[in-house]
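Please go over the structures that come below.
In the two complexes that follow, subunit A is the common piece, with subunit B as its partner first and subunit C second.
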Partner chain A sequence: MNRPGARLLRGALNQASLILFALVFAGFGSLSAKFLSPANLLNILLQSAPTVIVAVGMTFVLLTGGVDLSVGAVMFVGAALAGKAAPGGAGPAAAVGLMLAAGALLGLGNGFLVARLKVIPFVVTLAVMSIGRGFGLWLTETRALNLSNEFLQVGAARVLGVPVPVLLAGAVLVAATVVLGATPFGRQLYAVGQNAAAARRAGVNTRRILLIAYVLSGVCAGLGGFLSLAQLGAVSSKFGENYEFKAIAAAVLGGASLQGGRGRIFPGALLGATLIQAVENGLVILNADPYLYPLVTSAVIFLAVLVDATRTSLLAESHRRQIRVEP
Partner chain B sequence: MIEFQGIEKRFAGVRAVGPVSFDLPPGATLGLVGENGAGKSTLMNLLGGNLQPDAGSMRLAERPYAPHGPAEAMRCGIAFIHQELNLFGNLTIAENLFLTRFPRWWRSPFIYRTGLRAEAGKLLAQVGLELDPHTPMDRLAVGECQLVEIAKALAGDPRLIIFDEPTSSLSTREAERLFALMAGFRRQGRSLIYISHALGDVLRLCDDLVILRDGLVAGRGPARDFTIPRLISLMAGRVPEATAPAPTPPREPAGAVALAVRGVSRPGVVRDISFELRRGEILGIAGMMGAGRSELARILFGLDAPAAGELRLHGRPLQGATVRERVRRGMAFVTEDRRGEGLCLEASVADNLALAALPAFARGRARRIDRPGLQAALTPVKAAVRLTADADGRAVKTLSGGNQQKVVLAKWLLTKPGVIILDEPTRGIDVGAKCEIHELIRALAAAGTAVLLISSELEELTALCDRLLVLNRGEITATLARAEFDQARILAAALPGERSA
Partner chain C sequence: MKTYLRYAFAALLAGLALVGCGQSQPPAAPPGADRPLTFGVSFETLQTEYWIAGMDAIKAELSRRNIKLLAAIADGDANRQYEQVRNFITRKVDGIILVPKDAKTCLPMIKAAHTAGIPIVLFNRPCDPIDGFTPVAVVADNVALTRETVASLVERAQVGGGRHRAMVILGDLGDVNAVGRRDGFEAALKGREAVVEVVARVPSEWNQEKAQAGVVNALQAHPDIDFIFTSSDFLLPSIVSALKAAGKYHRTGETGHVWLAGFDGDATAYRLLTEGYLDATGVQDVYFEARQTVEAVLDLRAGKSLPGTILDPGFVISQANLQERAPRMWGAQVKKAP
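This part shows the complex of A and B:
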């Protein structure tokens, strides 16, 4: 493990998101000058704002060693409720409230099943994903709902020159970083993710930690859904689809481990989310075959998981005891 | 200080402890001994709030005491230092120390880092650990982790500290350091409960002793009234045998070379290891914790690759052979981490037993398992290790440590190994099972198996082995024949910083 090759590999894996980031931007930039234009870069940032927020929530759950597959469905349920709440849809203020509440409620359901009834997170959130999507489809009768123009206005609004979606995503990033790094809850979350049984023995209320993690993930999905709604102005039956994959990929690309206990919000989740969005954006600019999009995005996700697995095994190797100091 | 009144605990209707009544005077050190499964841990978990009693009550400092969780026990001034360390490698030392009671900015939910560092520094100073409190936990050695665990216990300023087998993963020097700390705690007027299989330490450190057997108090009194043989007889409920295993009777010279190791090195782990292990020989490896014994075993068994050197099994090179091939060619490895690496805890005893030899019982193209054949082969092996008869269908995790180890041994015996590597085969198991495993090792050698025995117990090594290697920081510092076995000489070669000829 002292070989320069292994050290280089470990360094590369630790900086994997940065390296991929540079590669993607250099690649698309060389293929199209338009890709690197300030307007398009801002566009990428705007488009990735919902993913950033959902990925932040996902990071909380991943840190506990769990996973939340229901985020896309949570976004859809919230959006469907907002679209159906009043004739012609609710106003943005009411919609935010509804979507956050729906996220919190579904997150609470996930958290209750995982923390109290000890069901495996994968199974719980898969079921909630299915139920949520089904409920949303029933509510909207699979029809697309158009919302008032106020939504698009919120999506395009600027405060002090900064677009609202970017501002919101930034606020969520800062808040999550502070919660994870500077509050007892955040540090205990890391402990639970490392070894839940040991955390319980140490006197940590592991159920509460797990419950809060899933609620936060749900709330973030609700907020991300609102932003997405404000950018699209309509709810289709595909609203929020595949967001779970985007969010997991963004978090893992950013260094969160699927084994739990390791990962950071900044710059991890931010880089991961913008990276995924940049790939989609680049493909659009290059006029690539739309049927290729899922293939390319899944390739990026596959890469993220591969990086995580390699990083984990390398980490295990480097943490093995060193007995001798070689001259 | 603490008083147990008819306390009782059952698991699924089976009585684990009780009814038990005894008390501990304030400021005293109580030694708690008993075989594995005697109820020591259950009793301490009741005291530490991890379990609630089914009957009886406890009194702490003359007041009723019934904790509902570890946090409540901590608030009442009881600290429990568990056998397995409850530390988190992804947090810093200070965060580990204050995980459930972080100092905060005034009335805010935010951690006050400056205060945290100062408080943690004070605690670390109390246990004599000179490290920056913000060091990540995963950079610490085992002995240092133990000290952090003790510092954590001190954070609540406990009146009573429970030590559960604190020395099992410590070197002699680290253990002495711990005993000095314990003496300091006594001077501060704290009560201590000390649980250990190392009976010599218990007699030396404790004022009073309680001996548990089958969940009941089998004996109690001042420590000076006890001797090691008497303790063993009370624990086991049978006539005491000699404390140290009887030496292996002299045998004819060992047979052909079974395993030849030439110049094996792995950077950062071991350097230039050479030895020969012969058929019918028991070769011991002594050394301090962290000397590279288990790491060497992993290399021999093919779990880690050596950077240099040559291995031969029965004269044929082992280079590039996977673990599977090694097993097929007659190697076996009993790991020191029985629960983590040696067993599938949730699986049944029968399934665990079959695991290593399964390929030999696969029949036909479809590789169907020959169950009757397997059963027939298992019977003598189970008898050889004297495994509890009714164990087959039970999950391995429900067995005692001794029986679990017998399952691991039986699993490998089924493969009829020519070379068996045993890494700490008797660690943390009760006296009875220990004797049986010693007998088994001798029987294996007598039948021609080459045995490589790694152990931290010098008595075990000197009694069982024909020859001893001493490992020190990854190098062999002494090779001793039976006539040269001498504890002082072995220790001198094993202690870092010293070298023997």
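This part shows the complex of A and C:
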């Protein structure tokens, strides 16, 4: 394991997200000069902003060894509430409040069931996803809700030339990086994900950590949903659909492990989310055959999961005790 | 105690999830020669306004004919829909109306209904032939109606001269309706390459967020796009948002107007037509389809022979004929989009 080749491989695997990111950008950039234009790069960042935020929340949950399949439904419930409140005069400020509150509440529900009642995260969040979608459909009566221009203005607003959604995503990234890297909560989150029993024995309140992780995921889904709503200006019954897969893919592409206990918010979630968006953006710019989209996007995600599995296996091997039998 | 509580919560969650997605079933009609007929109606989803309008139109048609309704929604799950059809058969319904998920998963459902001797007709989505026979389906002529809609847009656009750069927003490529609309779009532009050049084909998977990102990307790559067709009016808000962001959202006749057409005829399309932003849309005549579907089930019960496909020709509505055709446009009749 200490051979230079193995060290190089491990180093490459640890930087896999960055390498994949560079390859995708170099590839599309070589095929079309428009892809690397500053306007398009900013466009990719703008479109990635909601995914970045939802992926940050998802990373918190993945770090605990869990998963949150309800984020798309949380986005939909929040958007449906905002859409229903809009005709009564509720503007973007009220909408963001409603969506954050809905996210926190549903996240609290997830966290309570996972942390207190020890129900498997997959089952809990799947059920909340189903209930949330049903509730949102009931709320909207499956009618499209078109919002006022105020929402689109928020989505298109810029400060010093930088779109507000990008600034918000940046703020969330910074805050989450600080929380994970420089607070006891962050360290405890990693500890719970790596070995919950050991963390409990060491005095970590694992229930509280799990609860907070799911609440943060819900809040991030609410905020991501708001940014998505501000760019779209409408709520349909499919709002947020399959977003959970996008967020999980972004987090995993960014280096978060599905096994828990490993992953970083920065640059991880940022790289993952922009990578997914960049692939779709590049394919549109090249006017690629529409049948290629799922193939190329899935191939990139599959590659990331493969790298994660290989890295996990290599790390496990390197940590195994080396016993040499003397001749 | 905690373990029991945990299991109780898990059971409650599973129960809620099932109830939330399940079918609603009023009691079966009592047996008897003079009893009213009962039809089972299973929709794959109610997640778009079109399906809601379709279900409402079928309900109204059944009610008009004094036929009882057993309704079920499969929420996109073909296995669940199969169970729903089996349930209809067990309850000995007199006919089944089905909106399948796709053209393949409906095959066992149709086989089961045939074995039980219950007539079954598909609404708006066809099924593949089965053992050399094509199940009866009432469907919009997606190819022809799209071709007609896009051709009408080309005719209007070419009046001003010049070569137009076009974008098409595609639906879910696993959906035969979406594929039909794509083929209709391509057919309309065949031989007109000198007038319209397609520079962007954006897949949406019937998802507004995906469509919005795709349209923004395409406008970024080709700022001169001035001709857009969307495979469903359901995606119009995505286009409007992207056009606004690009400063290209103008009424017909205004400088910089982007020629815009859609398909379906929903409430948003109606509003955009009245406001002058949408130029045309191909309207599926949902009332015609509902009437034909119910009639087809009754005809099959009476032993009549029917063609495998009953086509809804639909119609193209534009700003020019809006007043005349709006009464037949389902989007003009349903609750208005705000």
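Please note the rule applied: the second predicted complex is superposed on the first by the 311 of 327 C-alpha atoms of A that agree within 3 Å, B and C clash if a C-alpha of one lies under 4 Å from a C-alpha of the other, contacts with A are read in each partner's own complex, and residues count from 1 in each chain.
Criterion: a contact is a pair of C-beta atoms (placed from the backbone, for glycine too) under 8 Å apart; a residue touches a chain by one contact, two chains touch by 3 or more.
What you see is a predicted model, and the numbers here were worked out from it, not measured in a lab.
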Subunit B and subunit C placed together on subunit A: clash or fit? fit
Here the angle between the directions from the C-alpha centre of subunit A to those of subunit B and subunit C, rounded in steps of 10 degrees, is 130
*asked:* Taking the superposition on A as described, I'd like to know which of subunit B and subunit C A:187 touches: first, second, both or neither.
replied: first
Notebook entry, point to check: Does the superposition put A:201 against subunit B (first), subunit C (second), both, or neither?
Noted result: first
Message: Touch test for A:39: subunit B only (first), subunit C only (second), both, or neither?
response: second
For A:277, decide between first (touching subunit B), second (touching subunit C), both and neither. second
### Task
Go through the superposed model and pick first if A:268 touches only subunit B, second if only subunit C, both, or neither.
neither
Max touched-residue count on subunit A (subunit B vs subunit C) belongs to chain C
*Of the two partner chains, subunit B (first) and subunit C (second), which one does A:111 touch, if any: first, second, both, or neither?*
neither
Once superposed, subunit B sits from subunit C at a minimum Cα distance (Å) of 12
Within the complex, subunit A is touched by subunit B residues 50, 69-71, 74, 82, 84, 86-91, 95, 99-100, 102, 104, 109-111, 113, 138, 141, 267-271, 290-292, 295, 473-475
Given the complex, residues on subunit A that touch subunit C span 32, 34, 39-40, 43, 47, 86-87, 113, 117-119, 123-124, 126-128, 130-131, 133-134, 137, 141-146, 149, 152, 155-156, 228, 231-234, 236-242, 277, 280-281, 284-285, 287, 289-291, 293
In the complex, the residues of subunit A that touch subunit B are 1-2, 178, 182-185, 187-188, 190-191, 193-195, 198-204, 261-262, 319-326
In the complex, the residues of subunit C that touch subunit A are 2, 5-6, 9-10, 13-14, 16-17, 20-21, 46-49, 51-52, 170, 173, 199-203, 206-210, 212-214, 216-218, 220-221, 234, 237-238, 240-241, 244-245, 266-268, 334-335, 337-338
